[in-house]
Each structure stands twice: as structure tokens, then as C-alpha cells.
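Both complexes shown next keep chain A, but they swap its partner, so chain B is in the first and chain C is in the second.
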Partner chain A sequence: MSDITAVLGVIGSDCHAVGNKILDHALTAEGIKVVNLGVMVSQDEFINAAVETGAQAILVASIYGHGEIDCDGLRGRCLERGLDKVVLYVGGNLVIGKRDFAEVETLFRGMGYDRVFPPTVDLKEMANLLKQDVAARS
Partner chain B sequence: MIVACLDIGSTWTKGATFRVDGETVSLLARAARPTTVVNLADGFFAVLGDIVEGDPLAQLHDGRLSLQYSSSAKGGLAVAAIGLVPEMTLEIGKIAAQSAGARLSQVFAYHLTEDDIAGLEASPPDILLFAGGTDGGNTNYVRANAEAIGRSSIDCEIVYAGNRSVAAEVGRLLAGKRLRIVDNLMPVFNEPNPDPARDAIRTIFLETIVKGKGLDRIMAATGAAPVPTPFAVLEYTRAIHAHVPEWDSFVLFDMGGATTDVYSVHQEMPDLGTVLRGLPEPEVKRTVEGDLGMRVSARTTVEAGEPEFGDAAEALRCYAERVVAQPEFLPLTPEDAALDTRLAAVCVGQACRRHVGRLATIYTPDGEMKIQTGRDLRQVARVIGSGGWLARAADFDPAPWFAQHAVDARGRLVLFPQHFSYYRDADYLFPLLANLARAFPAAAAQAGIRLLQD
Partner chain C sequence: MKLKSEKMTMEAFQAEREEVMRTWPTGQGVDFEDGVRYQLALPESKRFSSALAKAEREGKTLCQPRAGVALVDEHIKLLQFLEPSCDLLPSTIDAYTRLNHYEKAAEGVARSLAAGTSLLNGFPAVNHGLAECRRVVEALKKPVQVRHGTPDARLLGEITLAAGFTAYEGGGISYNIPYAKKVPLERSIRHWQYCDRLVGLYEERGVRINREPFGPLSGTLVPPFVSHCVAIIEGLLALEQGCKCITLGYGQAGNIVQDIAAIRSLRELGHEFFRAAGYEDYALSTVFHQWMGGFPENEAMAFSVIAWGSAMAALSGATKVIVKTPHEASGIPTKEANKQGLDATTQLLNMVREQVFPASPVVDLEVELIKREVRAVMAKVFELGNGDVAVGAVRAFEAGVLDVPFAPATCNAGKLMPVRDNEGAVRIFEVGRVPLPDDVLAYHKEKIAERAKAENRAPVFQMVVDDIYAISKSKLIGRPR
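Showing the complex of A and B:
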């Protein structure tokens, strides 16, 4: 078992629950302690949960195409609330239309996310990256 | 079986004797005298003498009489709560304290500042409830706060109900203080566990706090132990919920001169398409508002109601100044009575507004969704008014205030009871029946509901 605690949730007004459950199962199976906030989670709820549970990472999912609006500003808010070391991941159908993923990745990296994932990501691989990133940050 | 029930309030010590025959309760005698602040026992034994024929102590000792009593005298039980995130461990700390019958004297989130510590040193509460972090969760804030408390000269009982990973360390940092360590009030994220902290607060009340208030003399003479009045009333609402058919959900207001208490019993059953956010709500909940009251708190009550008073604002401000100076004031003219009624509407309305949850409608690519935070009392069909003023006010109805404030400034629905029958505890027996319920919950619950006026 690793000692990683990660807060997981679907951000904004997005109520897609299935992928959220799959992520929870897959990450738990990889030995990560998941604090799952479910769907329609606000930025402050992610941060509140991370503060209380001492989580090292926040994993933000967005499926409905409004990710660009919902996800912006989370890094700044984390800094304001004292989470200066937290690892931020984002993944899903982050934008609408057929935009090139490299472009999307640059956009979300610019918002302060450490890694950006397309819907096709291998979750085992993602869990391994998470372990490395948390180790590097602490 | 004859039971003497007494309640020592901040102004009046009230008492009644009840005969309990199986499930039937009859009222034998009742009396009230001013609370004797210097020694609570004087007023207590005077009232006990009024309601019992013969020698009450002799009857207690040979078992002909039994006794239950509660106290909210001398400001009741003051608890300061320290949590980490305001909406999380601090919120559960507040729930634990209020359900133990306490009044929140101070609340703190995140790091305690030097000013916070100075404030606690200058006016220490009876009990400091110290929490923060889930088990295995955050330790930085808790450790820093424990260090700050350890260095300070804060002198009161301390209950630690935070992250158990640092419980031992907190014990070392607070060595020399009167510390009790109990289970975390949020061991797992979003799973509140207020009961161990609540029990610790109640135990401390019994073992230590009663001594300073003259209640120890009563305990020594009668062999019976008191509870904080709001604790007894909260357990009484639970008893009514459990034992009276059709009363499985209701709201009870207890409005006094200094505070307004709201108790509700209700099981949350959200509609399909409603997403619940925030902490899960307890089935039985008490909130207490220290700034809403008819006399001692009249000034802050007017402030809370100010925006809606319009032309009457100045008259209400003057009225508040008058009654704050005279807590025993009763209105004699129709003008004063009307002002009193407006104050009452604000106390009940605002206290209920803070007690209930909110429902926001949002529009998503999948259609309309509702997000609910806090408790939804819209379907609650029964509301009770208790406390001196509400007991007397035959014409009072909180429904219009609720209806006028059904939507908040952010466009969210305020989840007040919508269609309800309003009942009145006309004889103001609830605090006494709450004491009776400690020994006979079912009988006392049925008697209380039977005695209500429509």
C-alpha cells in the first residue's frame, strides 16, 4: 500500500457518474486511498476535502465539455488555501469540438494542472504517474 | 409513580409533579420561582417544596418520589469549537456541542491566531472542543493549534476529537491541561461521528461544571444528577419522534429572552434528480442562535431583521433598547405588543432560516438539476412553539414570514416547512416533560403532544 490520498470528483455542473465510479475502483485497486466526492463538485469542495484529509493530490474529471470554464482558477485557489504542494490532475472530455489534444493539454497545463489526460488514458499508467509525482513533490 | 421534574432556567426555576400510570401522565402540581443566582439550590428546594406535599427528600429516599432536573442557569454550558475547514470538522463540532445542550461561545477554523488565544485566555469557555483532520488526514493545523493551546494559559476542560494519528502528540503538547481524548468527530471524510464528543461534553458537565454552579448541593441531597436543559429537550424531540404516531417528523421552536433554539426531526429523502452536497444531516438536529431573543438579545434581533422593517425600523430600535434594559418587561399597550410580535417573527424566522437547507436549480447540458445543501423541511407538517412568549401567543403564526423569505439573495429556495399545522406548548411544560422523558420517554412524549394547543 502506498500512503497516497487523492481527492476525486467530477467538477462543475457535470453529473456523469459512471466514469467517476470506474476511476474510484481502478485507483483503489492500485493502492491509492480515494476520497470520492462524486458528481457536481465545486472547486472549494475539492479543496475542503483535501485540507481535512491531508490529500497529496486532487483528481478533477470533466466530461460535458465545459471543463475550460470549470477548471480554471483551481491552482490559485489551492495556493490561497494553503495547499501549495498538492498535485493537480485533470482528465476527460475537457473541451467541446474536435480540438487537438496537444492544444488542450497546453491549455490546462497553463491553468496549473500537473498532468492532463484524454478519455482514453490507461488508468494503471495514470496511477503510476501519480505515485511518482507525489513522491517528487514531497 | 410520582415524578418531580424541575428546570433551572436563567430567570425562573420551574417545577411540576406528574403521576405516571403506565402510559398515562397526569399533572399534579406546578410552581415557579425566580432562580437564585447566588446558589441555585435555594430556589430549587423552594420549588421542590411547592410541588411536593410533605418532605420531598424523605420521599425521595424511600422511593415514593423520583426526581429529574435540568439546568440552563448562569449562561448554560459554554463550548468553544475549534475545527479545520469551516464546512467540515468545525461544522460537526458545532453540531456535537449544540446537541449536547451547549451554547457556542466561540468558533475557530484553520490556525488559531495570537488574538484567538488571547480571547480564549480572557474569557475561557466551560469546555474547549478541539478537532481537525480525518483519521490519517491533515496533521499540520492540529499540531500547530495544540502547540498554541499548550503554550497558553487557557484554563478549561478540553476535549480532543480530531485526527487520531496525532492524538498522542496532542496529549503530550497539552500535558498539564485538563484534557480528554475521544474518537474523531469525522474519522472518514463525509462521515460525521459527533456522538463521542457529545458524550464527553455531557460527562464533563456532570462531573465538573455543576460544582461551580451550586448544583452539587442538589446532587448531594437528592442523589440525582442534572442535564443541560437543551440536551433534555433534544432527547425529548427524539422520544416524540419514536413514540407518537404521525409525529415522526416535526420542528420545535424554543424562543427565550436570550436565545432561540430550533429542534427538528426529519429523515432526508431527496427527490430523483436532486444532488446532495455537503455533510450528511443528522436525523435529530438542534441549532441555537445566541443573537436572536426577545429581551437580552433584542438589539441583535433588530439588526438581523433590519432590512425588512421599513418605516418601523426606528420604533423597533427604540423598543429593543427599552427591553434589553428590562429583561422581565411585558408589553401592556397594543403598540408594544405589536413590536414584540415583530421581534418574535424575526427570532423564529431567522433561526429557522439558519437551521434549514437550500436548494439551487442549475441548468446542465443534460437538463435541469437541483443541488441541495442542508436539510429539507418542506414536507414537515407539524411545527411547535415553546418558550415563554410563544407559549402565550395564541395568534402567532410563523408561516407568513417563511413564505416571504422562501427565496434567498442568491436565488436559492430556502427549505422551510411549507404546509404545516402550528401548535403551541400553551402551559410551557416542554422543559419539564423533557425531564420526565428521561425516565418515561413514551408516556412523556404522548402527554406532551396531547397537551398542545392548535
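Showing the complex of A and C:
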């Protein structure tokens, strides 16, 4: 049904590999074409992969707490590279410390991410949102 | 392959040291002789190896948190806050420093200063440099260990050991496979031979530095024999470079029999392999890591995970336990949450201390199983290396003989797939190319079949995924809903 290609990866100097492997598995099972860049992915690597594969979405994960530093500026770089319609998601443990999720969501929405997810998100639900968001954007 | 497990010559070490010390400005002015003098002047109460030796003699399990923030004064405040609640202190290093991205760490320090809160997940010791690291050691009464995840930890080691840290975690395999993506194993092992030689040089000058290979690896359903093999290899590599105080580690799996058997077999196998290689004059201790996988968000539930790990650490006879916090599901804890984890752990350790887990044929069976697995894999490692453990380790990873589940490194095969059995012990679902004996493999299959039957489903990858999430959803085994 869907013909969605999504670039997936863990951003920055983050080596958390387990969730990445599960996300790949779960999204593939939902019919999404996953371009999995694995762990320790730079902003440019995300964008290059999206340009090369014509992906409609970039799914950024960050678990180790440096998300505030690593994730900032990705939307701007996407626009510079002509990815003006790309859906940007971010999820994981995005900041240092246990902070109110609404606050974290506002922070990352402010950086230009379309949706912000806690680590507890249901992956099937996330895949459905992705299908809706990509359809609305195209 | 130029790699060989052989003590580095002084010439080779010195030549390499000159290069290492130039990789960041804080490397200048770090003098080994000054480091030795500083270490020798430390009181006994700050020496990690002495605390471990005392705990070994008394049969006590010590507790140690993880902790580190971006700025020195805040880091000192954090450790001083935790100090009364633990036996041993850490300085957990941030993830940028772990990859030698010192410019990024500098940015993290600057942004943390501006934000008035730490935006780094640890203490950037290299950026702060020798004098600032000494300020940390001097502000504390208890021994401090460097805990990190650094494939090339040579400069970090030079700075922190000269600054009076008395224990150094890591190893060429355990700080590559779970922590890096593209670092060749040969290179990280080589770089850790330098770190081990540095520790060996301190030892030769009368300064005992504790060396701890990182036990839990990917922290996700790692079968005991896998992490034991890595621990033993890194122990052998460290001993060859002159390290004398080795702590071998293991991350809690969750099944009581398997966890107790794991620590027992780890200690016995350590001695077996170290003595077989001709090393006699060393101190061996063990560390048990409380559950390293996903935690429940609910803090009351998280305390149960912490408490169960504490009980296992004490009952298994581990020398120390590394403690989690009720904030684990959200990442880096506040200092208050960190202290709560320590208090919960101490309560359990104190209650279990006098109790001995009764002699049990079930535990004996599990110990024997782990030993047979480790011996089979280690025999192949030595065979592949023509007797050299460093070469053997590299070739064994290439061949998939050593294989760590769910690790990010591309030099790791990732063919071995674990799953829990019907009692929650971690078993081998897909063996990949790991050379386990046929009857051992048959035993694993049988234990998994028991579970599959109980759940009325075939053992497939979904079962593994269910297991990975199980503890965060309040169960040990990922049963179907």
C-alpha cells in the first residue's frame, strides 16, 4: 500500500544499536522501505542518504542525552539541500536528565521536527503517523 | 598482521607517547614521573586496588555508581553528594571524548556553561586537563575510577592516571564492539595495549592501578560465555603488559541460577586461563552490573530491577556491583535519583551479606555449561591466532567465532542470536559461526523448545524483540500478550 522510503539512524556520537535494529525490523514489517544508516550518523549523512534515495522522511534517534546539541540545525540543512518536503521525526531520550516530555517536545518542534517521540512509543502507531504525514506532505 | 600480545618495549612506548600527547593541547605538560610521585603520595583510602583487596578478604560486595557532568565544580559536587552512599566512585566520561572528538566536547562545555546545566552525558576529562582532574581527586576521600567507552583511550589514560585516578575501565574489544562503528579491532586492541602498558609502568613504580575490562558489552541478552571470553582475552592482554590488578565483569541476565553461575565461572575461568598462560602474580576480582538493558519508566518498578540485581551481586559473590538508578529509562539521572539507586542497593547488600546461596546441582550444571562454552571458543581463538591471543581475537571476530549480539561495530558478525528460555535464562537461538559443542547446542535448543511449547509459538525474531522489551514492561520473559 505505502510507497514510503525513510532514512533511519542514530545521530551524533551515539552508539546505541539495539533500538535501531528493532526500529528497522518493525518499520519494514509495516511496509516502509528503510534505509538504515545504523549508529553514529552525522546530519550530512542523513541528508545525503535522503537525497540519494529520494526518501520522504528522515527518522532521527538519540538515546545518550546529547540530542539537544546533535539534532539542532538539521531542518535548516535539509532546506539548503532542497529537501523542502521531507518529514522529520526525532525520538529517544533526547535531553540530559528526566524532563517533562511536553517541554522536550516543544524544544524539538522548535528545531523543526514534525513529530517528537518518547522511547516508549508504539512503533506500529508511529508507522501509521508516518504514512499520514508523508501523504499530507506530497 | 603486526599485532601481537607481547609487552611493548620502552622505545616503542616512548615513541608512541610523544605522538599521543600531541593530539590535544592538554597532553602537553603531563609528565609520567610527576604522575608517579602524585600517585605514591595518595592515601591508601583513595587506592582502588586496596579497597577491592579488602572486600575480597572480607567477602563483601562494594557498590559503585556511574556519574559524570560537563563542568568540574559540578562534577565535584555530584561526586561529593554520592560519596557517603557508595564505596567506590566513578568519573563517567562523555560520549564525545570517548570518540576523541575533543572539539565537540569543548562545544558541550561552552554550551553547558551558557545553559547553566550539563548538556554532556559525562565528564570531559581530556578537555579539562591534568590540574582540573587532580582537583576532582583531591575533593574526594574515596577511590575514583575512569569509566568510559573509548576505543582510543591513550591520552585519556595518560591524563587521568597522572591526575590520581586509581582504576581504569575498558579494553580493546569491550570498548570497541559495543561503542564504535568503524574502528578496526586490530587498532583498538593495539591502542589498549598502550593503556595496559601505561598501567604496567605505574605498577613497576609501585603504583597499583586497577584494570577492569567492560563486562556487559551490548547489555542486551549477552550469553555469559560470550562476555566471559572477551573478559578473559582482555585480562590476558592486560597481564602481558604488566597490569596486576584485574576485575572481570558480567552484566546481569536476570535468571538467578544463570547469574550466580556466571560470576562463579568467571572467577574460576579467569584463574584457569591466566595461570595456564603463566601468570601467577596478580589480584583478581569480579564486578556484577545491574541490568544493562531497558528499564521500566515507573520508578517504583525500576527500584525492583535494581534490588534484584543487588541481591544477585551479593549472592553470586561479586567483589563490586555497578548500580543503576530509578531514572534509567530516561537516561542521565539527577544526583538525587543516583543516590536513591545506591541506597536501594546498599539495603539489599546489607540484608544478603551473611547469607550464602546453598550448594546446588542446578547451579553446578550451569557453571559447567558456561565453562565448556568458554573453553570451546577460547580454543578456537588460540588456534586462529597460532597461539597469540591478540591475533586470535581479531581473527575470531572476523570469522564470527566471537560474536556479540546487538553490537554496533561492523567488525562484529552479529549472527549469534540469543533468546530467553522458559525460566528466563539467556540461551542460544541462532549460533551463527560460534564453535559450540554439538551437545551444548542441543541443550540450548531443548531449553528454547520448552518455552516455545509453553507459549504455543515458534521461536522467531519476534520472541527476541519481546525479550528485549520485557523488563521495561515489568516481566523477565517476553511472553505473547
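The criterion applied here is as follows: the second predicted complex is superposed on the first by the 137 of 138 C-alpha atoms of A that agree within 3 Å, B and C clash if a C-alpha of one lies under 4 Å from a C-alpha of the other, contacts with A are read in each partner's own complex, and residues count from 1 in each chain.
The rule is simple: a residue touches a chain if its C-beta (ideal position, glycine included) is under 8 Å from a C-beta of that chain, and two chains touch if they have at least 3 such contacts.
A quick note: this is a predicted structure, and the numbers were derived from the prediction, not measured.
*Asks:* Touching A:15 in the superposition: chain B (first), chain C (second), both, neither?
*Replies:* Once the two structures are laid over each other on A, A:15 reaches both partners.
*Asks:* Figure out whether A:39 sits in contact with chain B (first) or chain C (second), or with both, or with neither.
*Replies:* A:39 contacts both chain B and chain C.
*Asks:* Given the touch rule stated above, what does A:97 touch, chain B (first), chain C (second), both, or neither?
*Replies:* It touches chain C, and chain B stays clear.
*Asks:* Quick one: is A:85 in contact with chain B, with chain C, with both, or with neither? Answer first, second, both or neither.
*Replies:* In the superposition, A:85 contacts neither chain B nor chain C.
*Asks:* Could you look at A:64 and tell me whether it touches chain B, chain C, both or neither (first, second, both, neither)?
*Replies:* both
*Asks:* Would you check which partner chain A:25 touches, where first means chain B only, second means chain C only, and both and neither mean what they say?
*Replies:* The second partner, chain C, only.
*Asks:* Between chain B (first) and chain C (second), which does A:54 come into contact with in this model arrangement: first, second, both, or neither?
*Replies:* After superposing on A, A:54 lies in contact with chain B but is clear of chain C.
*Asks:* Please determine whether it is chain B or chain C that touches the greater number of chain A residues.
*Replies:* When the residues of chain A touched by each partner are counted, C comes out ahead.
*Asks:* After the superposition on A, what does A:119 contact: first (chain B), second (chain C), both or neither?
*Replies:* After superposition on chain A, A:119 lies in contact with chain C alone.
*Asks:* Looking at the overlay, does A:109 come into contact with chain B only (first), chain C only (second), both, or neither?
*Replies:* A:109 contacts neither chain B nor chain C.
*Asks:* Residues on chain A in contact with chain B in one complex and with chain C in the other?
*Replies:* The answer is residues 13-15, 38-40, 64-66 of chain A.
*Asks:* Applying the document's contact rule, which stretches of chain C touch chain A when the two form their complex?
*Replies:* Contact set of chain C toward chain A: 95-96, 98-99, 101, 104, 107-108, 111, 117-121, 149, 178-181, 218, 220, 293-294, 297, 327, 329-334, 337, 406-408, 461, 465, 468, 472.
*Asks:* Considering the complex alone, what residue numbers of chain B touch chain A?
*Replies:* 84-85, 87-89, 110, 132-134, 136-139, 141, 186, 189-190, 275, 277, 362-366, 369, 371
*Asks:* Looking at the complex, which residues from chain A come into contact with chain B?
*Replies:* 5, 13-15, 33, 35, 38-40, 42, 45, 48-49, 51-55, 64-66, 82
*Asks:* Over in the complex, which chain A residues touch chain C? Could you list them?
*Replies:* So the residues of chain A touching chain C come out as 12-18, 21-22, 25-26, 38-40, 63-66, 68-69, 93, 95-99, 119-120.
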